[in-house]
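You will see two complexes here that share subunit A, one where it goes with subunit B and one where it goes with subunit C.
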Partner chain A sequence: MKEYDVIIVGGGITGACTARDCAMRGLVTLLIEREDLCDGASGRNHGLLHSGARYAVNDPEGARECIRENKILRRIASNCVESCGGLFISLPEDSLDYQSLFTDKCREAGIDARIIDPKEARRLVPEVNPGIIGAVRVPDASVDPFRLTDANSLDAVRHGADIVKFRAVTGFVKDAVGRVVGVKTAECEYRGRQVVLAAGIWAAGLARKAGVKIEMMPSKGALLVFGHRLADMVINRCRKPSNSDILVPDDAVSVLGTTSDKIPFEECDDMRVTAAEVDHLLAEGVKMVPSLATTRILRAYAGVRPLVSAGGDARSASRGIVLLDHEQRDGVPGLITITGGKLTTARLMAEQATDLVCRKLGVDAKCRTAEVPLPGSEPFRLKRGIPSWNLAAIGRHGSESGKMDFMDGGSELVCECEQVTRAEIEYCVRAFGVRNLRDLRRHTRIGMGTCQGSYCVDRAAEILAELLPGTSARELVKDYLQERWKGMIPVLWGDTIREAEYMRRRHANEV
Partner chain B sequence: MQESSTSRLNFEACLKCSICNTVCPMMAVNGSYPGPKKAGPDQERYRLKDPAFYDYALKYCLNCKRCEVACPSGVKVADLIQTARLKYAPRSSHPVRDAMLASTDLIGSLASPFAPIVNGVLPLKPVKAVLDGAFGISSKRTFPKYSREKFVTWFRKEAAPAQEAFGRYVSYFHGCYGNYNYPQLGKDFVKVVNAAGYGVHLLWKERCCGVALMANNMGKQAARNAAVNIGSFTKALDKDEAVLTSSSSCTFTLREEYKEVLGMETAAYKDKLMLACKWLYEKIEAGEVHLRFDPGFRMDLAYHSACHMQKLGWQDYTIRLLRMIPGVSLTVLDQNCCGIAGTFGFKKEYYPYAQAIGERLFEDIKAAAPQAVVTECETCKWQIEMSTGVPVMNPISVLAAAIMP
Partner chain C sequence: MKYDAVVIGGGRSGCSAALELANNGKAVCLVTEGLTLDSLKPEFNGSPYKRLASLTSAGVVVMRGDSVVGGHWDGFRLVEVFTSNGLILQAEDFILATGRFFSRGLVATMDKIYEPVFGADVDFPSDRSEWFDPDFFAPQPFESFGVKTTGEGKIYVGGVPAENVTAIGTILGENAGK
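Coming up: the complex of A and B.
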């Protein structure tokens, strides 16, 4: 049996970043995930690369971490980040005193926050509420969490890491003195000298199996996906962080969120957005961007923040990085938990966790993850003669798109809303080991557009069934549409109910 | 919950059903054209993200609007493509040619005084070779002839005095073709409208409607023309009952494109600007107008509904009007695009597509073998006459020939 230096449990953004860091420092690394990579909270958030401005007033340290990481990711993950910039707008009911406190705190944290004329803000973002009384420009950006996780996992593998997906950790292997020396799954065991829990909210349940108690508080955040881009910048409300006060341009859609509510642990695996949440999100969002009231909503979804309890409500809990050395804290050697934090600071979380792993293993290796560009972000030249509708796929995968074969039918457009081509699908099947259309979606964007797969899903399923022997196209369609349907239910009206009806009629046997 | 959803040109109402693709004439003959769904609502989402997603293949769109007619969700598919072209299209590879073809009134006013020379020289092989080689105008194309006397010159001299006696009036938007190339159409119009008991006024100022300017990405010039025309319509409607037209593409541009593509206000005149056939049919139906037809008139005709006529949805007015003429035997042709799409079919690089698209219509016309094809569109006329040899008439000219002298 292969003896790993480190086993990382959880294939979200933190786990993938940690696997990359460990592998780059020469550790024999295993990343294990019960589902596909980026299936949990990492794939269910705003896609916002914080500048730190949102935290500047209440959490200066978090703000400083964010702006540092923001700058790093723009550099090392250029194909995952869109440097769109952000605005913090003040509505007539907001206080401009807060704006001046906010800009002072931003500057203290090293965030380039500039007060601009509301007129200038309306020029930058014509859809913004024309009644705004103030606006501050900050270096917020939009980031694709799926791509960022992919890029980290690809690099981890490139540096020798193993990734095992679709296999849940059911318990831990301990030696005679109670040291964690591996993880158990239903099928087999894996041995490793250090185990890192990077499983978000699910770390609490896993830790319990190792005899360790982590007080965590699942905080549900619901979001709405609007059909197209309403603003080319991230729009935030310049006030104390609250619900539904961020609108992010993510690729061809806009995402509005979030809410923040404590939920029981049982709900974490099957979160549904309620009608009340949708109404609340809309009512607040419309204040910032009035046209949200009349823009088609494609779906609603929710993620769960892994907050570590300090008492109080979910908004006031620390969003900071939590690194737990269970040897020191609980007397369980071999086990580390890295949780809390944010998508923006995942690389830093990984660095801190890997530093601790290295210390425990007595390895002296420096972190280089901030300097070395991720796969996809290397400089590259576009090949000549590639039909223009491949541009979206090339943009998504950056320099890695060189591995796609756009010739010989590779340019065939499969998902027309999100411009996913056969070449991109073939590449993703090879590079990421997808099992079905739900997995494929995370690596491409297939079915994430206007029709939510109603139109293209058959074509995609046929191609996937061809590439994955033993799968049935019909089953792939059924499985995928069920998942899409779940997100459409909370927003079933207007064009979305027409779309759902079209989906139902086209796929009468599958839905 | 939301009360309603709206988006520019209704693009988010697209369900991706792709019915539009099934009626697109260009998609059927050209594999490089992404088709209306992709070119319109699909790519619009990505163009909003980054203009780099503008697809050069949008140049193939004929702007025939068949996609819009077919769309069950009311998406302005072709307008999305038109506005994207105006906003993002790169500079034309043939800017001089495009400007020449698009500036129909400028070229018309230059050519008209020298009409015999222009008409004599244009069909010559060496001239065509130069136009083809240097400008990219297909040498296979037959050019419309220019008239030495413009319609407006004739009208002011010959017809204007007699109009004053009528007491009720309509204004006439004659269009560039009616003015510079084929003034007989305007003469026929005056004859028919006078026979209906109305006098004809010219507009205070008339500019080219701009359909060709828009198709050639000259949106600013089109907007300038539109402003002049809109001013003239408003002025005319103070005293005249309606502004009548004889060309379907001009009519459609003035009524629809000014608003949807150029973003101008059309409400003040839209309901009172229409093709003369619709106006006549409605007047006759209401019993306000009686036309007396020559019992000896006989003609075997086939009606072709131009793409923009279909977009207007008015082909039935013309068909019913023609059927009122006792001596007319009328075949209604299947609705197929002729392929020329205004200036599109004149361009060397598009000529083969234009002819391939028109093939089905040409076959139908040859099979029907009428004495003449009737259509409201002048560019359909050029294409059909060149490709089938069958003469093409505007319905107004048929009426003029059929009414009692």
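Coming up: the complex of A and C.
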């Protein structure tokens, strides 16, 4: 049996970054994930690369972490980041005193926050509420969490890490003195000298199986995806952080969020967005960007923040990085938990966790993840003669796109909304081991556009069934449409109910 | 222009009704936005041109690429309708066959479902979480919503039955008439 130096449990952004860091420092590394990468909170968030401005007033340390990481990710993950910039707008009911406190605190944290004329803000983002009384420009950006996780996992593998997906950790292997020396799954055991829990909110349940208690508080955040990119910058409300006050441009769409509500642990695996949450998000969102009221909503989704309890409500709990050394804290050697934090600071979380792993293992190796560009974000030259509709796939995978074969039918367009071609699907099946269309979506954006898969799902399923022996195209279609449906039903009116009727006629009504 | 009947909507039900009326010697005008998904009844098989030909050869006047946007009422009797191309069509009887959501026979907003041409009364639960089943492949409640009708199939507007406007087809809701 292979003896790992480190086993990382959880294939979200934190786990993928930690696997990359450990592998780059020469550790024999395993990343294990119960589902696909990015299946949890890492794939269900705003896609916001914080400048730190949002935290400047209440959490100066968090703000400083964000701006440092923001600058690092723009450099090492340029292919995953869109440097769109952000605005903090003040509406007539907001205080300009808060604006001046906010800009002072941003500057203290090293965030380049500039007050601009509201007229200038309206010129930059014409969709913004024309009644704004103030605007501050900050270096917020948009980041694709799927691509960022993929890039980290690819680099981990490039540095020798193993990744096991679709296999849940069911318990831990302990030696005679109670040291954690591995993890158990239903199929087999994996042995490792250090185990790192990077499982977000699910760390609480896993830790319990190792005899350790972590007080965590699941905080549900619901978001809405609009059918168009309504504003080309991140729009925030310049006030004490609250619900539904951030609109982020993500690729071709805009995402509005979020709510912040405590939920029971049982709900974390199947979160459903309620009508009340949708009403609330919209009511607040239209104050910032009025055209949200008349724009089609494609779907709603929710993620869960892994807050570590400090009492009180979800919005006031610390969102800082939590690194737990269970040897020191609980007398359980061999086990570490890294949780809390945010997408923006995942690389830093990984660095802190890996520093601790190295100390435990007596390895003296420096972190280089802030300097070395990620796969996809390396300099590359576009090959000549590739049909232009492959540019979306090339844009998504950047320097990795050289591994796609656009010739011999590879340029066949499969998903028109997101311009996914056969070559991209074939590459993703090879590179990421996808099992079905839900997995394929995370790596390609297939079915994420206005048709929500109505048109492309059959074509995509035929190709997948061809590439994955033993799968049935019809079953792939049914599975994917059910997943799309979950996101459509909270916003089932307007053009979305029209799309639903069409989707049903095409895929659910037997003639 | 005055017809015996104006049929609004060229889907399966509208085409069938127009053909039947014309075959019974009525002067019929059919207003349809275009070629629709559901014109699949056996007598309308074949190319869109053949479908059109089967109607026109029976004497139906087909206004394609047009849609009815409203009407003038004399009390509870509809006198004429006007179209987005600016035509005014008068008739003794009107048949509403505009279908459900996809064809915009019904329109859903966050808090209501309405019929956009005449404002016909629609039956639907006010709580929109009752509009769907979480299983995509299960029967969907929203597909059973439709306009309210009298025993003779006449629509209601503001709680009062219209004398000469009959709704047919999927705008009645999936289970209507079964």
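One rule holds for everything that comes next: the second predicted complex is superposed on the first by the 508 of 511 C-alpha atoms of A that agree within 3 Å, B and C clash if a C-alpha of one lies under 4 Å from a C-alpha of the other, contacts with A are read in each partner's own complex, and residues count from 1 in each chain.
Methods note: a residue touches a chain if its C-beta (ideal position, glycine included) is under 8 Å from a C-beta of that chain, and two chains touch if they have at least 3 such contacts.
A quick note: this is a predicted structure, and the numbers were derived from the prediction, not measured.
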Partner chain(s) touched by A:Trp493 [first = subunit B, second = subunit C, both, neither]: both
Contacts of A:Gln482 with subunit B and subunit C, given as first, second, both or neither: second
Which superposed partner A:Tyr502 touches (first subunit B, second subunit C, both, neither): both
Touched partner set for A:Cys451, first subunit B, second subunit C, both or neither: first
First (subunit B), second (subunit C), both or neither touched by A:Asp251: first
Partner chain in contact with A:Asp279 - subunit B first, subunit C second, else both or neither: both
Of subunit B and subunit C, the chain that contacts the larger number of subunit A residues: B
Overlap of subunit C and subunit B interfaces on subunit A (superposed complexes): 275, 279, 282, 493-494, 498, 502
Subunit B partner contacts - residues on subunit A that touch it in the complex: 227-229, 249, 251-253, 275, 278-279, 282, 293-297, 388-389, 391-392, 413, 416-417, 419, 449-451, 454-456, 493-495, 498-499, 502
Of subunit B, residues touching subunit A in the complex: 1-7, 11-18, 34, 37-38, 41-42, 44-46, 48-49, 52-53, 55-57, 73
Subunit C-facing residues of subunit A, complex: 272, 274-275, 279, 282, 478, 481-482, 484-486, 489, 492-494, 497-498, 500-505, 508
Contact footprint of subunit A on subunit C as seen in their complex: 37, 100-102, 104, 108-110, 127-129, 131-132, 134-137, 140, 142-143
